[in-house]
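Note that the chains take the letters A, B, C and D in the order they are written out, and that residue 1 is the start of every chain.
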Amino acid sequence: MVPLSWYIGLSAIVFVIGMIGFIVRRNIIIMLMSIELMLNSVNISLVAFSHYLQDFRGQVFVIFIITVAAAEAAIGLAILVALFKNKSAVHTDEIMEMKG
Amino acid sequence: MLPILFFLYHAVVIIALSVVIITRRNPVHSVLWMLVLFFHIASLYLFLNAEFLAAVQIILYAGAILVLFLFVIMMLNIKHELNADICIGEWPIGVAIGLSVMTLVILGIGKFSHGPMGQASIEAVKAETHTKALGRVLYMDYLFPFEIASIILLIAIVGAIVLAKKEKASGG
Amino acid sequence: MDNAILIPILPLVAFLINILFGRSYIKNNAHWVAILGVAGSFIIAVQTMLDVMGGRTLNQDVYSWIVSGNFKVSIGFMIDQLTAIMLIVVTSISLLVHIYSVGYMHGDGGYYRFFSYLSLFTFSMLMLVMGNNLLQLYFGWEAVGLCSYFLIGFWFDKKSASDAGKKAFIVNRFGDFGFGLGVMMLFIMLGSLHYTEIFAKLDTLKGQTIAICGMNVDLVTLIALLLFCGAVGKSAQLPLHVWLPDAMEGPTPVSALIHAATMVTAGVFMVARFNPLFSMSETAMNVVALTGGLTSLFAATIALVQNDIKRIVAYSTVSQLGYMFLACGVGAYGAGVFHLYTHAYFKALLFLGAGSVMHAMSGELDIQKMGGLKKHMPVTYWTFLIASFSIAGIPGLAGFFSKDEILWMAYNGGYVGKIVWLIGTLVAAITAFYSFRVIFLAFHGSFRGTHEQEHHLHESPKAMTIPLMILAVGAVAAGWVGIPEVLGGHNGIGHFFEPVLGHPKVSGGHDEEWMVMAISVTGAVLGIALAFLFYVLNPKLPIRMGEIFKGYYQVLWNKYYFDELYDFIIVRPAKWTATAILIGFTDAKIIEGIVNGVPNAIAGFGERLRKLQSGNLQHYAISIAFGLFLILTIAFIAAGK
Amino acid sequence: MNVNLPFPDLAPAMPEIVIISAATIMLLLELFFKNKGVLAFMGIGIAALAMYFVPMSIGDTFNGMFKSDLYSIYFKFIFLLNLMLTIMISLQYMKREKAEYGEYYSLLLFATAGMMLMASAKDLIVLYLGLELMALSTYILAGIKKHDIRSNEAAIKYLLLGGFSSAILLYGISLLYGLTGTTDIYSISVYFKFQGSSLPVVMAMMFITAAFCFKIAAAPFHMWAPDVYEGAPTSVTAFMSIGPKAAGFAVIGRIFYVAFQSLQADWVPVLIGISILTMAVGNILAITQTNIKRMLAYSSIAHAGYMLIGVIVGTSEGLSAMITYLLIYTFMNMGAFAVIILLDRGDEIKDYEGLAKSQPLVAGLMLVFMFSLTGIPPTAGFIGKFNLFMAAVQAGYAWLVIIAVMFSAVSAYYYLRIVMNMYMKDMTEEASITPSPTLALALAITIMMVFAIGIMPSLVIG
């Protein structure tokens, strides 16, 4: 039997990788993908908990997270398309109109 | 022993793929690597007795979300991307903070002890099949969140239409 | 009584209407709004007075704003005999001054502004006298001060006016500081701000002492004196009297309303309201009596030699206020408030009369340049004369009854009482003298001003003379409510006040009362006769006298050098210190550093922080991640302990 | 298999049901109405209807995932008020900005429904979904002026950082689930009462704290707020500066007072630090701003700092003071934004120079709102602060109050600067306004409430 903490560790590492990706990559699409990565790490730990706790809540939660992730990606990409129409920019340091 | 090896393989691949995804210069490559990652995650779900979720992972994530990403990437100018910096100038700070958080998290979860066990033992689920058991929980106990989720999807549609549709000449 | 709440509200409404719509819509009709408001208040005040005379009083919280434990900020009204008389004084004088101002301020650029300030002042003053708790009194106190500051500096483009406004403001700070401390101490010691609760708990203060600089000070005395500090500032008593004469820079109706009849008497009102507290401390009472006595003498002597008609009246006000404190100090609060009430009419009349003279003389104030105005402005003359008789204490007029009551009470009041009685009698004579000096110099003899001025001389318009005539009636008749028993009356007002202000013990018999009365009347008549001798029969005499008593004349002329003294001990050192430090440290830029440094440092720090807000959303993400790291660290450390 | 589905009791969730079904119907109706104003009025009506249902909606339902109690009712009232006022100030504005989409009003309704779900959520899953319902709608709203690059920028920044913060939240929730085996807030509370604190628990708590501090724009998670507030359409900014913040506070109150109640010793120091930092950053940076929307963004950050004090003090007085403050903040902030919308000029602070001369009434309104935001009596802002600080003093946090009062004094500098610009400076050009009946109504309501609460605090206290 694989210990539960291994899953948590895996999830933590993937989460942080996603976080680093979000922080350092300039490309907005990659940033969105990094968010997906973070959400997936959460899903891994939720499914693992669900399995080890013998409780369905975690898995139900995962379904909802996937739903929301899809919605968020759709809206994010829609905004990106709108932005791209006005100014062909996909990098964070190209959209710095407002600051200070 | 076998389960441990199985897990270790997946863990190593998932971590490696994650790193690969966030380091690719070409977003298309990132998306493709992500596809591979999702297959591995789905297989991990199978290993955790979550068959239905494994299916959803493939169908929804790999089938829908990633395709959406690909569509958008195709609309954008890839050539320009290939010559640009991939990271912000302050990336070492970002990595350092990320690793610090990771250290703290690992420190924190070191003392992890999970909560009380629930009703859905593996045997009970097996007797009923996973999909059916999950479906019952979802549609009976979690009907309310399910409805909210449907509204969220509706909003996603509305948002995508409002933001991305072409304007009529009148501008209305 | 049930409508009493409307008394302050009507002027407030008038104020709001004028200030909001005055500039664009109402303009030169602003007086209608203001007059209607205050007239309504007056009518209700009269009704309230009748109710109070019928024995009804009122003490209730209308509205609690903030309640937090013991601390309660509420608006409440307390209407008893003392309040009722104040309401009559404030609303009637205010109404007359409003009407008078229609003529006086005619054509002024700030017409609507003037009337809105007047309404606001009336509102604040009414809140002050009607309050049932100290906090409301305190707010009213500061609010009337603020209005007075605005109105003194009403012609703010005139430097002397704005300077006078500033002076009034700063001098009052000294008094109000003490007053504020007193209020705070009362709250800390007794845990309440409501009059009735304070008075009910006063006994617990008895005998308590507090250590200040190693000395044990009686708590009651300390609180009483701190409160009295506020009264000294507001009512222009020694040594904080210096602002009142300068305040005459404001429009004359303002002087009549604020600086003669109402605001400056707030101090007397407050002392009378707190009579249970003051009566508990012998020392405090003596301080009040002596301050009042000395101020009255001191101001009266200054008034002897001044030439500015408004300043003379102003010093006379200071002197009469001293009289009122003198009365309070000997325990005769009723007599003090009685004098407050009669004084309001004849003094307002004097001011408005002076204003009428100024109006005719195109703003000239020097009585040496007037003369013979009698035939040009008969109404002003006759009313002014009545007021002067009244203030001089000629029997039958208002001033006589109240002044006599005070002197008689002082005579009965132990050895401090005897001293202040002597002072008071002397002041009565001096008052008669300087009042008639004005009459003779300004209205009799021949005109000494320029030809243009003489040509321009005219009686003031109806809007101004009618209030004068009404006030003249008051200056004559106001005292008839308090005719002493010895003269066949029954001292109605004294009995009226008894439930609130008590009645001091009278040990002397009727013979002595006759004697006191006779002495003061003789003094007054002598004063008038002397003035007649000096300024009508033998006009050279004053100059000769001035030469003989040159030194003393100089002292008086320079108002005992009070302004110079303050200039020397307060203003100059303050300026000197400031300059010295400024010059001394300009090189080191220390002062500049402190003065500009704090805001600049904050702004500079802000500018640096702004750089972090770079506009790049990834920097924000870094901030979030860093924040997460930070709170995790803090929480882990806290949990590890 | 025969599954017997019991029909849930709908009464407690009636306001949400009304809002969501109306929003959906409005999406359809949008096709038939050329004049979008109809939808706006419908929205106001729906909000009023929902407000009518709010007081009678007490109870638990949906398997105990939804809990409507007095606490959530107060918040729902604020959300609905916010919705109504926002629609009122939007009508003219969206037309002027050529962004008059019918979906706009539906999205406002959806976002409000999300907030209401957050306030009522008894289960972390419902909480998360409510939060996303709110967040996704606001992302779209922020970017609804899609031809304006600043609006796009605001939306993308908000979305990316919002997504990032939800991921952090989810990680915290997943840990919490693993630790307690449940997602029910009240069961979690019971569990912790017996198990006490441990490092993983603290960690989960901090992840959740970080995510909600993002939503209420508390430092150092605040940095999105100024940019998003500046770039978003002004009416949406007004909506965002109150709604999501209030919702965030609703959840913070619920989670910290119920789920983590026995762990106070762990979260109080962190929240104190965040509160002080937030007040400092908000107030200091507001001083340096030149754009009024941006200044109000920082001011809103600073106000979040004050409100956090209400959570920190740990008493029911503190919590109710925080709710009262939010309500007052709704009025004064909405009023200030209504004035900004009313004026045709730009959003720069120097555009307000000499406003008192050309538009005395508008300047007077702005003056009152600025006084209220500063906390000068007799406006509502004073009552809010007084109430909040009094609760803190009574709970023994006098030192924190002193800091807050100091920063509050700093805040006078930038609020009164607007007043000074309006009254003391000469105007550069005549200011023009575009009044509309609904905008006037919103201004009337806000100004009236600012004074009414200021003069009669008993309306909201107790």
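One rule holds in what follows: a residue touches a chain if its C-beta (ideal position, glycine included) is under 8 Å from a C-beta of that chain, and two chains touch if they have at least 3 such contacts.
Source: prediction; values computed, not measured.
> Could you say which chain's mean Cα position falls nearest to the mean Cα position of the entire protein shown?
Answer for the innermost chain: D.
> Please state whether A-C or A-B has more C-beta contact pairs across its interface.
Result: the pair with more contacts is A-B.
> Distance-wise, how many Å sit between the C-alpha centres of chain A and chain C, to the nearest whole number?
That gives a centre separation of 73 Å.
> Taking the mean of the C-alpha atoms as each chain's centre, how many Å separate chain A from chain B?
Their C-alpha centroids are separated by 6 Å.
> How big is the gap, in whole Å, between where the Cα atoms of chain C centre and where those of chain D centre?
The separation of the two C-alpha centroids amounts to 50 Å.
> Approximately how many whole Å separate the CA-defined centres of chain A and chain D?
Spacing between the chain centres: roughly 26 Å.
> In chain C, what residues contact two or more other chains?
610, 613, 615-619, 621-622, 625-626, 628, 632, 636
> Among the residues of chain A, which are close enough to touch at least two other chains?
Within chain A, residues 4, 8, 15, 18-19, 22-24, 26, 31-32, 48-49, 53, 55, 57, 60, 64, 68, 71-72, 75, 79-80, 82, 92-93, 95, 97-100 contact more than one other chain.
> Hey, what residues on chain D touch two or more of the other chains?
Residue numbers touching two or more other chains: 125, 129, 132, 136, 139-140, 143, 146, 155-157, 160, 164, 175, 177-178, 181-182, 198-199, 202-203, 226-227, 288.
> Given the complex with chain C, which residues does chain B contribute to the contact?
Those in contact with chain C are residues 88, 90, 93-94, 97-98, 100-101, 104-105, 107-108.
> Given the complex with chain B, which residues does chain A contribute to the contact?
Residues 1-2, 4-10, 12-21, 23-27, 29-30, 32-34, 36-37, 40, 43-44, 47-57, 59-60, 62-64, 66-75, 77-82, 84, 88, 90-93 of chain A touch chain B in their complex.
> Residue numbers of chain D touching chain B in their complex, please.
Interface residues on chain D, with respect to chain B: 3, 5, 8, 20, 24, 27, 34, 62-63, 65-66, 98, 100-101, 103, 106-107, 110, 113, 117, 123, 125-126, 129-130, 132-133, 136-137, 139-140, 143-144, 146, 155, 175, 177-182, 191, 198-200, 202-203.
> For the complex, give me every residue of chain D touching chain C.
Of all residues in chain D, those touching chain C are 156-157, 160-161, 164-165, 168, 197-199, 202-203, 205-207, 209-210, 213-214, 219-221, 223-224, 226-227, 265-267, 269-270, 273-274, 281, 284-285, 287-288, 360, 383, 386, 390, 410, 413, 455-458.
> What part of chain B is in contact with chain A in the complex they form?
3-4, 7, 11, 14-15, 18-19, 21-22, 24, 27, 30-31, 34, 37-38, 41, 44-45, 48-50, 52-53, 56-57, 60-61, 64-65, 68-69, 71-73, 75-77, 81, 84-88, 90-91, 94-95, 97-99, 101-102, 105-106, 109-110, 112, 114-122, 133-134, 137-138, 141-142, 145-146, 149, 152-153, 155-157, 159-160, 163-164
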